[in-house]
Amino acid sequence: MTRPISKTVNVPVADGDGERYTLKMGPQHPATHGVLRVDLELDGETIIKCSPQVGYLHRGFDKIAENRTYAQSLILTDRLDYIAAMANNVGYCVAVEKLLGISVPLRAKYIRTIVCEMSRIASHLLWLATHALDIGAMTVFLYCFREREVMLDLFEELCGARLTFSYPRIGGVRQDVTRSFIDVLQQFVAEFPVHIGEYETLIDTNRIWLKRTVGIGVLSAAEALELGLTGACLRGSGVDYDIRKHRPYDAYDLVDFEVPLSNDGDIYARYRCRMEELHQSARIIQQCIDQLPPGPIISEDAPDLVMPLQGQRKVEAGSSTYGTGLIRLLEEHGQYPVGDIYVSTEVPKGELGFYFISDGSGRPYRMHVRSPSFIHIGALPALAEGSMIADLIANIGTLDVVLGECDR
Amino acid sequence: MQIQYKPKRNLLQTILHSEIMQGMAFTLKQLFAKPITRQYPQEKPEIKLGFRGQHALVRDQETGQSKCVACMRCVTVCPSRCIHIRFHEDEDKGSRVVDSYDIEALRCVYCGFCEEVCPVNALILTEIFEYAAYDRESIFFDQERLLANWDAFAAMKGVAINSYINPFWRPRGIPESVLTAAKRLDVPEEWTIEGQVVGNLVKQDQ
Amino acid sequence: MHVLILLIEILILFAIIMLHVAYATYFERKIIGHMQVRMGPMRVGWHGLLQPIADGIKSFFKEDIVPEQADVVTFRAAPIICLTAMLTSLAVLPFAKGWVLADINIGLLFIFAMSSLASYGVILAGWASNSKYTFLGGLRSMAQVISYEVAMGLSLVGVMMLSGTLNLTKIVEAQGGSFAGMYVFPQIIAFFVFFISMLAETNRVPFDLPEAETELVSGYCTEYSGMRYAIFFMAEYIGMMVMSSIGTICFLGGWNGPFEVAVFPPFWFVVKVYLFMFVFIWIRATLPRYRYDQLMSIGWKVLIPLALGNIVLTGFIKAFTG
């Protein structure tokens, strides 16, 4: 087994004496995945300098969270990476649980692992769809959406929403799974490898696809580490780092799966890694369905949604418009452990970390989100400089960025 | 695990464009497949039980009024602070009387926390999702409108409304002991902790 | 009197072609839709049959925006140049025996000239819009048309050698009425080169670089709106039809078919043209897009040598078999 075609880069090198001009690509450009703007300095079609400009979707999540209880902030994480909101929800809950020292029941861990992998499938399908569309293969787009729709329907059945799930709770999950959910999921997982094969028929060995991806956007392992890449972008460069494997949370240490790696570090390698991850996700879901244990779905010491649990201040009759109990909760210290904590989970895009400083009140004194998309966008100049405009589009696609998460 | 690549194509395959032909054959096959499009306004999507849609206050069949007891739990839990309740205390009975119950639906994020924490199942996010309007006033729900929303939902459900249980009133897989009396509804066995779905391997062990 | 008849014929041809263009867009949207497990247009009329007419009316009544910094005269003229050049090439196409407006002896050359002229419209549009995306689109189009024109011209030299004429009617007649007489068999290499160049000439996937929407937004017509945009669109589809007709005439035996359709002599011609159109659409639904420099290297390093080799081969065969 060798590489499909030789790894030569056919990019003409700019001679330097050409007339340069700038092109502000985005934020309304069709291929910049949301509201990314890339300032390009071009010589003909060759990119001399590339600087991504972010912040068009900034909503100040870290600051909003300072004025919400831990349970309330869960809804903010839906709006980070809205392609795979479930993985963010779980990541947030894992972090808060670690802060509060809550242990999650085994059944809830399995259910969370299932929904995390479902959202990985949903996210990777959307990535493949848009990546292929960027490179021009427009049909893969709709085949991927066909399968993503199944995932969204299942999420709707589980938690009543298709995009902003708010499904996990600190200490467990909100709703138990149903028989019909498991049955549909089981059938999907069984059929899914066939569908992956369909996408691969169209692009995997296609000579145009290979020409557009092999040897383009190459990052060595050292460069990828230096740029702080995580997820499939790092594994495509051959660094074996997957939080699911190395710092397992939920039920990932109880299931068997492989971490796909490639040493080539180009767009094709990252594409292959993500395609293999789809297979592995289906495998993890299958194992979780088989092993799903009975038991409670939420920990007994999980905090109630309406906090504090005891001694709620008496609400004054009359002109009440906003919960005074909440004000007490937000102000009063000594309800939670004091200190700071950083907990990261493996979301489809890479490593999603939550950093909390707790002053003992019911809300975080400071919350910081380490979002993979923000850091991945920083790698764009390293990938794109010296290549052509068409490669820039392919490179944005391969980084798999979501601007909701990048700008927060 | 190192990724395995497919073998490099040989000269014959290059000349015959075999991989492109495979792709073409696949798209041609799909030409005759059944489309998955749903013709939306004519064909409505099948809304699953527990969908978080338009807000409503449940109309109590006995009193004809809202079940709300003004405990303020929904107001407290609401992350977007879109629920506003005013009440006064009835001196004789010692209970609270709701003066106004307003939901700013344009502010709502549809997380469903309110219906989950309501101790008397007074609040619900219905399965109605088509209620866009041209002005803000018509998506500001006061108590009458919320009750009317429930009537509309009940009319949509028909007879089934009598046995309707929202999964957020009585969350699946939660033991009855932690729920308030009003939330201990009669639910399908699947929703209880005894009847929960378990994996094949676990079943064999038992 | 003769002029009047000719004018009426031109008008009829124009109307029919415009109708075909409108329904070619419908055809494309439906086929791509079904290949993508969608339905395509469904709303206007039965299964969306009136959609092209609705689109036409809509684009006609849309505001015609001219960018402030644009070169107004050129900006306005560009789509018209495109459309006129494309429509003019229709004059020499023989749809059936005797069904041709101008049966001139240099028909093939005339069509080449006209399709090159149409690319002026594209280049001028890109330049006059005074926008970087359109400018890049125009540049790409220029380079692409120049390189692929060469390959296409050379690929048809084989056909000219076999038939010994540039007159399109005579090329069809030289192939004879039989299936085996079609030039696609002796000229298989030329057909391959012609087909690829045809995709590139008409800016179709996988060579749709001048209007690659994920790179250049909409390429040379980014700044156009309303009717002017629609004119570019029509020109592109007429271009597709003209190229398909050339393919039909030079390689697939023109209007000849397994049996005569006396009621409508161009029947087989239309069928073959639509076969080409279907393949155009089918390819669009399947393949990704080449990069600009890759497109150039295919044109110059693969197609032109192949076409030249084919000329030599055809020459040898013709010399030895007489």
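Chains here go by letter, A, B and C, matching the order in which they are written, and residues are numbered from 1 within each.
As a working rule, a residue touches a chain if its C-beta (ideal position, glycine included) is under 8 Å from a C-beta of that chain, and two chains touch if they have at least 3 such contacts.
Everything numeric here is computed off the predicted structure, so don't read it as measured data.
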item: Most distant chain from chain B by Cα centroid; value: C
item: Between A-C and A-B, the pair with more C-beta contacts; value: A-B
item: Between chain C and chain B, distance of the C-alpha-averaged centres to the nearest whole Å; value: 52
item: Chain A and chain B: spacing of chain centres that average the CA atoms, whole Å; value: 24
item: Separation of mean Cα positions, chain C and chain A [Å, integer]; value: 44
item: Shared interface positions of chain C, touching two or more other chains; value: 35-38, 285-287
item: Contacts with 2+ other chains: residues of chain A; value: 139, 146, 202-203, 206
item: Sequence positions of chain B contacting 2 or more other chains; value: 20, 23, 26-27, 30, 36
item: Residues of chain C that touch chain A when the two form their complex; value: 32, 35-38, 132-133, 136, 205-206, 208, 212-217, 284-294, 297
item: Touching residues on chain B, where the partner in the complex is chain C; value: 20, 23-24, 26-28, 30-37, 39
item: In the complex, chain A residues that touch chain B; value: 1-5, 68, 71-76, 107, 139, 146, 149, 153, 156-157, 159-161, 164, 166, 174-179, 182, 198, 201-207, 258-263, 269, 272-273, 276, 288-294, 296-298, 304-306, 315, 317-323, 325-326
item: In the complex, chain C residues that touch chain B; value: 31, 33-39, 42, 282-283, 285-287
item: Residue ranges of chain A in contact with chain C within the complex; value: 10-12, 21, 23, 29-31, 45, 132-139, 141-143, 146, 202-203, 206, 208-209, 211-212, 388-391, 393
